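Have a look at these structures, which come just after this line.
Presented sequentially are two complexes of chain A, the first with chain B as partner and the second with chain C.
Up next, the complex of A and B:
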């Protein structure tokens, strides 16, 4: 195996990994504040991608310019969903919440199928089909941009959670909802904001990632599963662990595909997921 | 155990169920071939939902891996049939045994590592994805193209010219499954299942052999799901990974059960009986112009039920007093 092929696969894996990390980070945010396991997570991101496609097709605005508007829109959708749908059923427990989001999976996937049809779509951006060479490693520019944005956002989110009042409130709600309420933290408002932020980030990420994927309405569940795997790797609820978990999954997937071909490459993360859940239930970085 | 109930009350309690059974027996006489197909599909899902409910509702383990069992049944019987000429009537027990073994292994694994609910769901979903990816890539299993079953055209090979025969076979499956859950509700095993669901630690403390009963619940549920897989394969004369090993069918099973009422005897019967025909009619009327509409509607209904009718249709019905539900199951959700 020539070393530059290995290097190429590893680098590409790391870049995809930083994107996975961001998606998992928003999944963790949603899980942490409300105890909702969002199976529709990937579908919201795919929805953002289709929205970007629709705007591009209708008025010719480049998807990259839509990132911020989509963030705003998805933030509102997220807070609305939390107040209208999620919050009333949160007290019913984890599994009911998970079932609710399974319902959202069907609704979102098939709404997209109804509107956009089942054909595979690729969405061009200003950066499509451009590559950047670093020595022997050649990287597609859209991927490079997407992962740079993901990395910046991840750091931003991390700082937000660790250094701001909002972040402290979120972590307080995560650790102990009742105690947080007693400290005068407006729980529902914090939860709604965090939920909106999680969904909003998906809108933003979707716009940046749209060039990286061939769109189909049913691809969201795979993305959700990848994000779940990253979340479990990092230790459920551990924000910093998500970053490491994302990079690891990206590399596992890249090298698995390189060494064993597509099928084993696709299977590798699931095998890893089962092993981590069984052997390191608090994640790779958590205390045992 | 029923001695406390006078027989008259017993009959009245079972009256809705008996009427439903009577309706199911005579229904195909008044129906066209298309509607019989829809009913077959509905009853298949009744059977699948009742099977899932034993693990997902009664024992309270949120298993998303039932596609594994469905595929185990369908593929085992199909391979035995294609390569060795074994009748699916025999192959279905082989498939069921394999599925039960996988199920017991999963239950053992989750107990051995003391997986919390969420992790259990994730492990089963990961195993289901692995199964799907493996089947889609192994040539012997037909990979993503699937396997076509040769037609031998005789009842001995689980093949019938008329759909009516398939209808009564799946009806028998479904009735047997409902009777089994009704019996489970009263039996010691069923009591243990519910104890494990409601408080596993307390169950262990009072001496319920939790591992054994979790494995038992999984084995029963997996075996039944495998039989459904065999039936579906024989009915379609075709197995392929998307239908038999994909996650969509598992989500559908969970969705129908939840809409009907998880953990109740009749919830997993009512859910698919209402939703599958609705979905099929939508698909037949609008499937050409609006693919996926039926799944969209399923999703909306599920969300609406969870939001406004927690406990599903059964809980709503028992609140109305239209159907008597055993108090233990009515409270459940």
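Up next, the complex of A and C:
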């Protein structure tokens, strides 16, 4: 195996990994504040991609320009969903919450199927089909941009959670809800904002990722599963673990594809997950 | 200042608090004593807004707070240091203290409050960067009280602060409370440790089976034959 090829696969894996990390971070954020496992996570991102496609088709605005508006829109959708649907079932336990988000998967996937049809779609952006060469490593520009944005957002999210009043309040709600209430923290408002932020980031990421994927309405669940793997890999609820887990999973997927081809390579993250769970049940970076 | 009238509360059909009335005046140090299971902790949860009462009223400075929730209670100035301390385990001492000053009134004076708490408990200043779960029980109790003070309470309510502490640390905690009271802080203390809490407070209530059965000056309660027999083992 020539070293260039290894380097190419590893670099591309790291770039995909930073995107996985961001998706897993937003999944963790949603899980942290209310104990809700959002199975519709990937579908919200796919919805953002289709929205970007629709706007491009209708008025010709490049998907990259839609990132910020989609963030705002999805933030509002997220807070609304939290207050209307999620909050009433939160106290009913993990399973009822899982049923709710699985229900959202069906609603979202079928709505997209109904509106956009089941054909595979490629969405061009201004950066499509451009590559950048670093020595022998050649990287698609859209991937480079998407992963740079994901890395910046991950760091931003991490700083927000660890260094600001809002972040401290989110962590307080996560660690002890009653104690958080005794501090005078507006629990529901903090939960709704965190939920909105988690969904909003998917809107933003979707706009940056749209050039990277061939769209089909059913692809969301794969993204959710990868994010779940990263989350479990890094230790559930561990924000720093998500960052590390995302990068590792990206590289494993990249190298797996290189050595074993696309189909078997796509299984590599799952194999890695099983190994980690066997050896370190609390995740690679988990405590206990 | 705090007027509590006819509070009935509990979980499901079990009424742990069955019509409790009590009052605490400005700058007073009042003890609420009673055995485990008398309903003290449930009453504390109601006062702090964590649990809505079935009926009754809680007034602070004339403002009705019963059933309006913890955020309102804290904003009005009722601050609870809960049983078992409930510090945020995976946050530093400093972060725990900063969270205490969440309500808008306290947020403005956060830096000054922090200096005051560090002056009162120098140990917390030394350990400000340490995770709360790595503190000893006594230090965690200091942190819980310090965090309560950060909220700028008009009345500080403490639920079993002596629980799980060595006698020496209990003494130290109580001394700190007496100092705070001498500086003008109004305190309501719920305790199983009858002897000590009646020794530091000026007035007391005795609670049994969800009701107040005795009330009066702490010194008198401590001498009362019924209290002595039931709680002091004399």
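Note that the second predicted complex is superposed on the first by the 286 of 288 C-alpha atoms of A that agree within 3 Å, B and C clash if a C-alpha of one lies under 4 Å from a C-alpha of the other, contacts with A are read in each partner's own complex, and residues count from 1 in each chain.
By definition in this document, a residue touches a chain if its C-beta (ideal position, glycine included) is under 8 Å from a C-beta of that chain, and two chains touch if they have at least 3 such contacts.
Every value quoted in this text rests on a predicted model; they were computed, and no experiment measured them.
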Which of chain B and chain C A:184 touches, first, second, both or neither: second
Chain A: partner with more touched residues, chain B or chain C: B
Contacts of A:127 with chain B and chain C, given as first, second, both or neither: neither
Partner chain in contact with A:236 - chain B first, chain C second, else both or neither: first
Interface residues of chain A shared between complexes with chain B and chain C: none
Complex contacts: residues of chain C adjacent to chain A: 48-50, 69-71, 73-75, 79-80, 82, 86-91, 95, 98-100, 102-103, 147, 151
Residue numbers on chain B that touch chain A, as the complex places them: 62, 109, 113, 115-119, 121-123, 125-127, 129-130, 133-134, 136-137, 247, 251, 254-255, 258, 290-293, 295-296, 298-303, 306-307, 310, 333
Residues of chain A defined as touching chain B within the complex: 37, 85, 88-89, 92, 94-96, 98-100, 102-111, 113-114, 118, 217, 221, 225, 228-229, 232, 236, 263, 266-267, 270-271, 273-274, 277-279, 281
For the chain A and chain C complex, residues of the former touching the latter: 165, 168-169, 171-172, 175-176, 178-187
